[in-house]
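The two complexes that follow have chain A in common; it is paired with chain B in the first and with chain C in the second.
Now for the complex of A and B:
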């Protein structure tokens, strides 16, 4: 059975995920998204994988959430505080969410996953480093290239072409 | 370990359903990015949970790769949103009528 820590974490994570989509102000919504990502990091800690949890905290809560906050601040003020959504599609969306949740949930509860527990010791995080460098090193290099090219691509995209060089220094 | 695998999988299903709800209802481009982040996190949670219960270190390794790729995707996505905002002065995706380059 689930213990109290797990229940509290799941309520926090799912509640703030709903808040991130439903809060009127985009700034509060991005803070709620930060709480969701932190809650997922808490689940990683419960699953005895502290390295992934710290990576999640550093990358998601540390950088992605701050990037989103800065983008929100670049947007006009009245756009931040107004909700843009289709009222007709809202009920259909809620219905789709419930269908997915109940349908897949019922299938999973009735499947063989229901009885799986483990008493084996968790994976040592030193093994992850060894595997990354000995077995997955081509993927690691490829990932570094993808990250560098995405940063360059984002810079190219966000560059303003209508501003001349002397105006940019002002 | 006191928790069972199915509990983590059910939380992941709930996060996936919330993300799909956001993708289908919201028209704000930044909220769509939020929904994508929630779905990616549900997938990462599944990877780590199954990797813990096998037990196998491949799940955690792939979760690390997935987190890094998601960071790249968010950087490019936010750049695209900024460009579209500069063109249309709005972040409503129904206004992005001619994203043909």
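Now for the complex of A and C:
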């Protein structure tokens, strides 16, 4: 059962990833990207970590894909891209990808990773929270500071100089 | 000569009969028999009274009332029943239909509209049916330059997403379709799909009004998701769990709205914005942009989107009840099932029948469902009320409220929750629990 689900998810994820790269219509490509990200969430579900899967859905599909869609809809494609159709580049890209995939695959298969079997129960999110707060708290605070500073930076970038204070509040 | 069927000929009549019989036999052998074999070989039939249920036994059981109840009882424990009927889609759609009816009555009371009062003599009972018939009988029109696959798929996706949301809401103890350990995060993940569908359909319609409406909907939904999520973190801090059933079980004594009223208010306002209800109905502002992102929908496609949005309304109201109003908890008002019917059977005149398998539903389940439905309908009424009273607010005010005020109130709510724990009021060592 799990194998069938895994195969179906793999086909879905890789197929829609290829579609996301190859489709001419940017909207359909971003829908395919959404399916890919959802398929990754499915892999996390198969790996017994529903917490990560739900965050994958909420953050990647729910927010980042919406941002991509929004950007694609507001920008006219013809103005930013000049098409370069070159079959040699295409074949070179496919060949490079195959070489990299084979290399990574060989490393993974030889590393003994596929013989590991584990009977551990799925990781509870409460344990993740405890570890984050008790042992990894400096990293947590550092992350919070980085995120806060990036939010403040984004606000500064979005601030318009030509709008007076009165106009802004109204 | 009869004038009813002037071209009647017996030969044609017999030919059409044999034709029908032929097609019946062909379809049965090609479709019916494979289905029977699939049922017999592949589907695991339940075991009842120590005997495996075969189709033959099922037919004999249906004829015998004393054996029908165990079948029904095993049916209502299956996932299929839970998804399709009771805590799942059927229940939600029923409440959605009731909501539409109540909304029309309620608005008619507020604004003196005649239709829902008199349609069908008795309290306008036929108004809902008239609306449904109108939608079904209308033609489905697809705009010529629309992107057809997305445009066709969007209403179905909308209903499916709303139904997925419904599957997470616990109705009674143990009666929930998907009892996830990370239920609240799953709710956030599912809510994130609504803006995607909205913006996709507004783009696919290839028309100006839907696109403006869709962009407004995107702004509104994305910016109100943040206070929606933050306002619930107080409850997560207090209960220490993300499972919705456990959150309900933790409110046996006092509801969380007593301790976290600010969170409840912020969550309620965010619900209104997520549902595009008045006063936050900018995406469908009918006096400005025709019908917003719904403009190009017609016929049953519009009906499906409406069904989806009312199912979503039920799900959000159920979530509010689950998180703040104690879910299924309430005083026991359902009387216990009479013992003598179980032990002695029903006596009708000279006959007494003993029916195994009673009671069908436990007392706790009926009571929990009753209280859940009462509270949910109350919350739905409060959600509907602003429609008859308030005007629409401007989009910059909307975003201002969402980004400045509600998020600030959310942090205040979080500090209240932390203060309740560290002040020793609640929590493992507190003096209330």
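List of remarks:
One rule holds in what follows: the second predicted complex is superposed on the first by the 132 of 170 C-alpha atoms of A that agree within 3 Å, B and C clash if a C-alpha of one lies under 4 Å from a C-alpha of the other, contacts with A are read in each partner's own complex, and residues count from 1 in each chain.
One rule holds for everything that comes next: a residue touches a chain if its C-beta (ideal position, glycine included) is under 8 Å from a C-beta of that chain, and two chains touch if they have at least 3 such contacts.
Quantities reported herein were computed from a predicted structural model and do not represent experimental measurements.
Looking at the superposed arrangement, the partner reaching more residues of chain A, out of chain B and chain C, is B. Of the two partner chains, chain C is the only one that A:34 touches; chain B does not reach it. In the superposition on chain A, contact is made by A:73 with chain C only, not with chain B.
Contacts of A:147 after superposition on the shared chain: chain B is touched, whereas chain C is not. Look at A:54: by the touch rule set out above, it reaches chain C but stays clear of chain B. Look at A:158: by the touch rule set out above, it reaches chain B but stays clear of chain C. By the touch criterion defined above, A:63 reaches both chain B and chain C. When the shared chain is aligned, chain B comes close enough to touch A:93, but chain C does not.
Shared contact residues of chain A, touching chain B in one structure and chain C in the other: 51, 55, 63, 125.
Of all residues in chain C, those touching chain A in their complex are 147, 150, 180-182, 185-186, 188-193, 195-196, 199-200, 203, 218, 222, 225, 240, 242, 396. Looking at the complex, you find that chain A touches chain C at residues 27, 31, 34, 50-51, 54-55, 57-58, 61-63, 65-66, 69-70, 73, 124-126, 170. Across the interface of their complex, chain B is touched by residues 1-3, 6, 10, 13-14, 17-18, 20-21, 26, 29-30, 33, 36-37, 40, 43-44, 46-49, 51-52, 55-56, 59-60, 63-64, 67-68, 71-72, 74-76, 79, 83-86, 89-90, 92-94, 96-98, 100-101, 104-105, 108-109, 113-114, 116-123, 125, 127-128, 131-132, 136, 139, 143, 146-147, 150-151, 153-155, 157-158, 160 of chain A. For chain B in complex with chain A, the touching residues are 1-11, 13-22, 24-28, 30-31, 33-35, 37-38, 41, 44-45, 48-49, 51-53, 55-58, 60-61, 63-65, 67-76, 78-83, 85-86, 89-92.
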